[in-house]
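First chain A sits with chain B, and in the next complex the same chain sits with chain C.
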Partner chain A sequence: MNLTRLRLPAHLPVSPLAAWVGAAISFFFLVLLLGFLPAVARDGEVIRLAIEWIPALGIDLSFRIDGLSLLFGLVISFVGLLIFVYSSAYFRGDPEATRILIVLVAFMLAMLGLVLADHLIALFVFWELTTITSFILIGTRHEDALARRNALQAILVTAGGGLCLMAAIILLGEAAGSYQLSEIITRDLTDHPHYSAILTLVLLGCLTKSALFPFHFWLPNAMAAPTPISAYLHSATMVKAGLYLLARLHPSLAGTDLWFWSLAVTGGITAVWSSIQALKQRDLKLMLAYTTVMALGTIALFLAADSGKALMAALVFLLVHALYKAALFMVVGNLDKAAGSRDWSVLKGLRRFMPWTFAAAVLAALSMAGVPPFFGFIGKEILIAASLAVPAGTFWFTGAVVVSAALMAGVAFFLMTSPFFGDRATPPKKRLSAAMVVPPLLLAALGLIAGPFASFLPITPLLQSAALSLSREAPTIELTLWHGFGPVLYISIGILLAGAALARFFVPVHRVLYHSPGKLSLTADRVYDGILHGLLSLAEVLTLVLQNGRQRFYVMTIFSTLVGLIGLTALNRSFLPPALLGGIEGIPLYQWILCAFIALSVLLIVFSHSRMLAICALGTAGTGIALFFVIFSAPDVAMTQFMTEILVVIILTLVTLRLPVFHNYAPGFGAGRIRDAAIAIASGVCVSALMLSMVHEPVDLSVSDYYGANSYTEAKGRNIVNVILVDFRAMDTLGEIVVVAIAGLACHALIKLRRYSRGQRFDARNLP
Partner chain B sequence: MNSTILKAATRILMALILIFAIYMLLRGHDDPGGGFIGALITSAAFVLYKFAYGSEETRKIMVLDSRGISMLGIGCAIAAGLMSLFTGKTFLTGLWLPAYVEGRIPLPVSTVLLFDIGVYLAVTGAVLTIVLALEEDR
Partner chain C sequence: MEVVLCILTGLIVACAIYLMLDRNLVKFLFGLVLMSNAANLILFSAGRLTLNSPAFIEAGETLPPEHVANALPQALILTAIVISFGLLAFSLVLSYRAYQEIGSVDMDELGGNTSLSLDADTDERAVNNTIRAEL
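Up next is the complex of A and B:
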């Protein structure tokens, strides 16, 4: 949660400079990608670029530019260019503008990387980068608890899907024998034994990313982000990443019933359900968010099919949507900035004050509704035609398309009229600069131009080469406005009429839906909340049980576990400590005396009534053991042990001074004492038995021999122990000293900073 | 604790213990000793000083804060490891300075020694952090 506060220094200059840098970068990529257009779209070439990245693992940074990635890349860089121009005005005077825009640039680069990457691992890295940047951008207004919650929801859903995707990528790479997409898409993996696992995991990754049912709920919540962010990430680009991957893997994974029905059902439900939801909204931006989910559902629906026509329809609609939806988002942003509201029941009669925004709204909405001669009309016609031609589930496809398209047309007509017409004029507070008016107008106008001139512009070959990347069956579909009389045209006219009627009676329909019982829209959101709440409660219970703050309990748990594990292993292997007392007669007298000294110390520890005495006895017991190290010629260990004993006595004494006196100490043989004694004796017996049996095993000396032979020749040291510590296994030592230093810091923090005072319960939900 | 005898003895003992600690640190590569043992001995010296003169005085003679000392130690160890990267070898490969006393006895100056000094500082800092924190917060 604190990550949303990840911020650059606050004193960065408040200027839209970053927006122009972003615009320059996106312009660069736009020109770069346009340069590939003739080769890829006309000649059908596939361009590959590769840079070695991690050669040891066979991972390289390779890029593949074919029709599909070029289509996506052009959309990302072109819409990005307009968004950055728009942002330069939208974020003017915003103290966080630079921070937001830098993250937005990072997002754009990651998104371009995602669609251009040829290696699955690189694709995954870019995929996760878009998730993270999206999280930061949704949480832009991090002072707002709701924005934080929504940002967290978005990252939990999409990153959870990302984990599934990672598993899918590994399975996919192993199944295809290569992690290069160029290789994978030449294989048909539908017969592979892991096919259903791969497909399920890929679907989980893509459905979460693209906000498809049942993971659709995060996208409307992501509208907490500022409008340019929503227009770019959560409409035009990032949410299409899932669809991109589905399209990309189409040649290898599609063609089975599982693929067909899972996508058809998900896509259909998403399209219809979210277009109904759109009618329920009062906030224009939320309304647009739901129509975006509808578009994503429609594209997924058509990716289910296998025919060139259906795939072409999906891609055409993707382009149509990118053109009109980003424009509409910017229109809503303009309304918000100028009139100070996004609620359609407040906004009225703005046509006179914002003529250019009005023009952009009309152009974009007409394309969205699918009115001829807009590009949206072509998009809708081809959707209908493809749905009628689907071999299985024709009724489902056509029904979903017709219902959602009619509802969309209604929303579109409503969007271009309601805020702009009407008598109750609310004069806008601010004037908008050209940078906020031109980008939506330009995008919307492209939707108009692309309609009649679809066959002259390079749009048709681009879309055809993109469709060719999906299936080997070359689609020969002409993108023209007039297809002659037929069922497609009649359905199309019917949709427009239904849309017009819906727009006319929008307010009553809205009211009925708004007051519908149960508020079903919240269901998925509630399930999410329930799961999250359950997780936190589980964490709390576990913490309270395992981390209850009672040192005695911890020690008891640790040693009981030790006894249990050793005991179980011993029982399993049915091992007995060999010859417990074998060779006992060879022990010299002074060693017996030393043993007695240690035993005496231990008895003193256990039965002492004074803490100080017990601590000192602990020290003498340790010293006795250190003497054994001396006897068996391990001077390094002995020295360390001596010093440790001294410091342990000092530190324990200091701790003891801070503790209350033994008030619940029962010197007799109470139940607690007997239990503690049992655990202690059992641990001692287990460890002794283990040591004895280890000593009796033949010892493998090859490692010690290696160190002995090489410590002077290779590491120039005669003290093997030290050479191992600082040279042979220096990496381990480095890790250990870091642990020691952190332990020191942690002790310091525990002693000095007591945040949770006595009696206050730990609660995971109170954590920042 | 305010004992003149302890204070007077500490002045002499402290010097002896510290010299011994550094001796242990430096001879560690060939004979029993090394950074870890040296660090424990050094810690014991400072703990003795703390009992004689109190934490305030101890902090003064330590110059650097104990947490800083342990971070410095980790820094030394990492720096020792990074040096080998400049010669194209892997992280933490030991490098030895080709220096000789009187032209024939090799002078053991190496990144390994720097690493051991890092261990020494890190452990000393950590132990003293705990001891001093326990003493002060009462």
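Up next is the complex of A and C:
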């Protein structure tokens, strides 16, 4: 069905029905998952559900709900609900809205499947579904070349990682002896001989999906998508899929130096680098995109560690981030819709005109900055405390956290002030409906409520049971605002002060960074472009070289390859044709004469300068071969060979006489012909050698014996060859007849074509 | 005798390829005929050679005699002969028509880009123009 047919007329500013369908679906899943909350979070149960899918391959569609799945599932369905409500107003009157929202619903379902799946193959299918829907959604504005390019980049990077993940899944399943995650996470695979390969492939899959260094470049480009999609896919959910899988496999794969350092280095670099990049942006949405990459890096950094404290910190920060980041994206979407710009240097003084959006921005940004009593403050305190307690690389962890958190605080303070304060004479063009204001406000307010009431809400047991899914060591962390005086508090205050100072001097800092002469010329984006361009050029060169339309070149390539491959195999196996002389004793003279006759005829074809002589030699060679069949007990073959040989000679004569006389286009015996002769002789030698080694081996007669034994008893025929053709392999013979018939028709058509084109160019309309 | 057949087939293959590499289209067709013959001989040798004992079941018997010729490769060769005849007939007509259209039987004039160009756009445009002109 063509989805674009569903679009509503553009002049009708109705809110799309699909948004409300999506909201209803996400609300259903939210309630469903909340129903599991008491059992999973309080009692630590694991709920499993399996549906047979491909029983022959041992693949079933099994789901598993434990703390980690539930945490992700709740975030996906809750943020999804708000995003759909928001979309109902955002896409109002958009002719593409229904198409976009249907894909968005599909994405949400795939994402839920991904985090709830127990079987690795099912997980992989959902994983790829999120990649594909993300591609479609980034390319929503497909009339824009840049959007198309960015969508292609996102799918090439993430699907490339997906291929690695598939390899990883197969290795993982074989190593653990099961494809069920419930089984795999009970095994410690760090001693497995394939451990490094598994880990490398898993990391490639997860780093690309979650836009971590060095694959971080696709995420800011993915901001070509409309804002609700960026808020949902590229901030709250899909980019967390990689982190989810890393967390999920933590019990089986973590605990080695390889795991620790690869994630710590990647996460740390991603966090710091992208926070600096965020300061360079003028587009508020791009700024948010870079802070998302920073958050992903921070979570990856803490997944590196093996302590319950660090894992708990990663999960808390994940939840904090999901609450404030989606809200901020929606705020930027509101600014864009109302004031028509996302450039902070243009947006000023909107406080009075958009009070509720302003309130949402303030609440979300304070949580992002980590100001008490917001939930973000708890998240940051836990990060700092965990980074101080990391057994190895404490400096690296703490440094990365402090630097990125301070920069983030600066960005957050800037975000909540710059667009809203200052002078503005004219009110914004559009008014926003409640559906665009309530969702960000609700999300941001949750960040405020979750702070002081973290211990009362089911957040703490949920996070703890999620952390328990990652590590056997039960984390004993209280989510409270006040931990007493100590280094953690001082660092936290320092971060806030640094952030405030940065926000105060944001514009000069931005200018310095923006105009810095040290702007790296070698960005990952350009490397990607270079690789893509190189790949295309290579394909082009290969096509031009290999598919150059010259028949002789093709023949040459094919036979040179044949010679090369046979020669290499022969050298590798130190293959030598078996002794030659053993087979030639006792051959009667008439057979020698026949062979010599054939050989001479064939050579005559090659060296003859006359067409007719060559055709005659072709006929004698064919006849000689027919005689050969007669001697060696193949009368039917001989008969057919005689018949076709006669026809070949007649037809060749007829056609060749209409062609120009035998002209030698390469007279003499130049370098070209020597090369041709070398290829020809080498191929002949290879064929001879292969045949010699074949006849040296014992022959397997079981199929022939079967035909011989059943020819009369089953098919009532005494000529076994004929019985095979018309009875045992009758369908083959039918196919052969069809081929000949088609060849005949094609010949006829080719000759007919001439008649119509004589005197005029061919035109299909002139055909009868 | 198998050993001699192997070497003979190698010779036929070498001659066939040499002919197929010739610039003259007619020689290419001769090479094609020879190549089909060589392929049949390879099939035949795979079933081994048997003197004076065709794969027949005597009247009154239900089973073939001991050491009868291998019938399977013969059936395959029969199919192959007919198919290669069809192929040859089609190639001949095609070559004839190509000669009528182009006026040459020089393989190098029949097609192919004479110079390797990396500029696909211009190439494509040139091809499109040619097609348009043809029509």
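In the analysis below, the second predicted complex is superposed on the first by the 528 of 768 C-alpha atoms of A that agree within 3 Å, B and C clash if a C-alpha of one lies under 4 Å from a C-alpha of the other, contacts with A are read in each partner's own complex, and residues count from 1 in each chain.
Convention: a residue touches a chain if its C-beta (ideal position, glycine included) is under 8 Å from a C-beta of that chain, and two chains touch if they have at least 3 such contacts.
Since the model is a prediction, treat every value here as computed from it, not as a measurement.
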**Message:** For A:544 in the superposed arrangement: first (chain B), second (chain C), both or neither?
**Reply:** second
After superposition on the shared chain, which partner residues are touched by A:392: those of chain B (first), chain C (second), both, or neither? neither
*asked:* Applying the document's definition of touch, where does A:731 land relative to chain B and chain C: first, second, both, or neither?
replied: first
Touching partner for A:658 - first (chain B), second (chain C), both, neither:
both
Open item on the list: Tell me the contact category for A:591 with respect to chain B and chain C: first, second, both or neither.
Closed with: second
Quick one: classify A:555 as touching chain B (first), chain C (second), both or neither. second
Examine A:681 and indicate which partner it touches, taking first as chain B and second as chain C; both and neither are also allowed.
second
**Report entry** Touched partner set for A:507, first chain B, second chain C, both or neither
**Finding:** neither
Going by the contact rule set out at the top, does A:709 touch chain B (first), chain C (second), both, or neither?
second
Winner on chain A touched-residue count between chain B and chain C: chain C
After superposition on chain A, the chain A residues reached by both chain B and chain C are 635-636, 640, 644, 647, 651, 655, 658, 718-719, 721, 725, 733, 740, 743-744, 747, 751
Seen from chain C, its contact residues with chain A in the complex are 1-30, 33-34, 37-38, 40-42, 44-59, 61-64, 68-72, 74-75, 77-79, 81-83, 85-90, 92-97, 99-100, 104-108, 110-113, 116-118, 120, 134-135
Interface with chain B, chain A side, in the complex: residues 635-636, 639-640, 643-644, 646-647, 650-651, 654-655, 657-658, 715-719, 721-723, 725-727, 730-731, 733-734, 737-738, 740-741, 743-745, 747-748, 751-752
In the complex, chain A touches chain C at residues 537, 540-541, 544-545, 548-553, 555-556, 559, 580, 582-584, 587, 591-592, 595, 598-599, 602-603, 605-606, 611, 614-615, 618, 621-622, 625, 628-629, 631-637, 640-641, 644, 647-648, 651-652, 655-656, 658-660, 662-666, 676-677, 679-681, 683-685, 687-689, 691-692, 694-695, 699, 701, 703-704, 707-709, 711-713, 718-721, 724-725, 729, 732-733, 736, 739-740, 742-744, 746-747, 750-751, 753-754, 761
So, in the complex, the side of chain B touching chain A is made of residues 24, 28-37, 40-41, 43-44, 47, 66-67, 70-71, 73-74, 77-78, 81, 91-92, 94, 96, 106, 108, 110, 112, 115-116, 118-119, 122-123, 125-127, 129-131, 133-135, 137-138
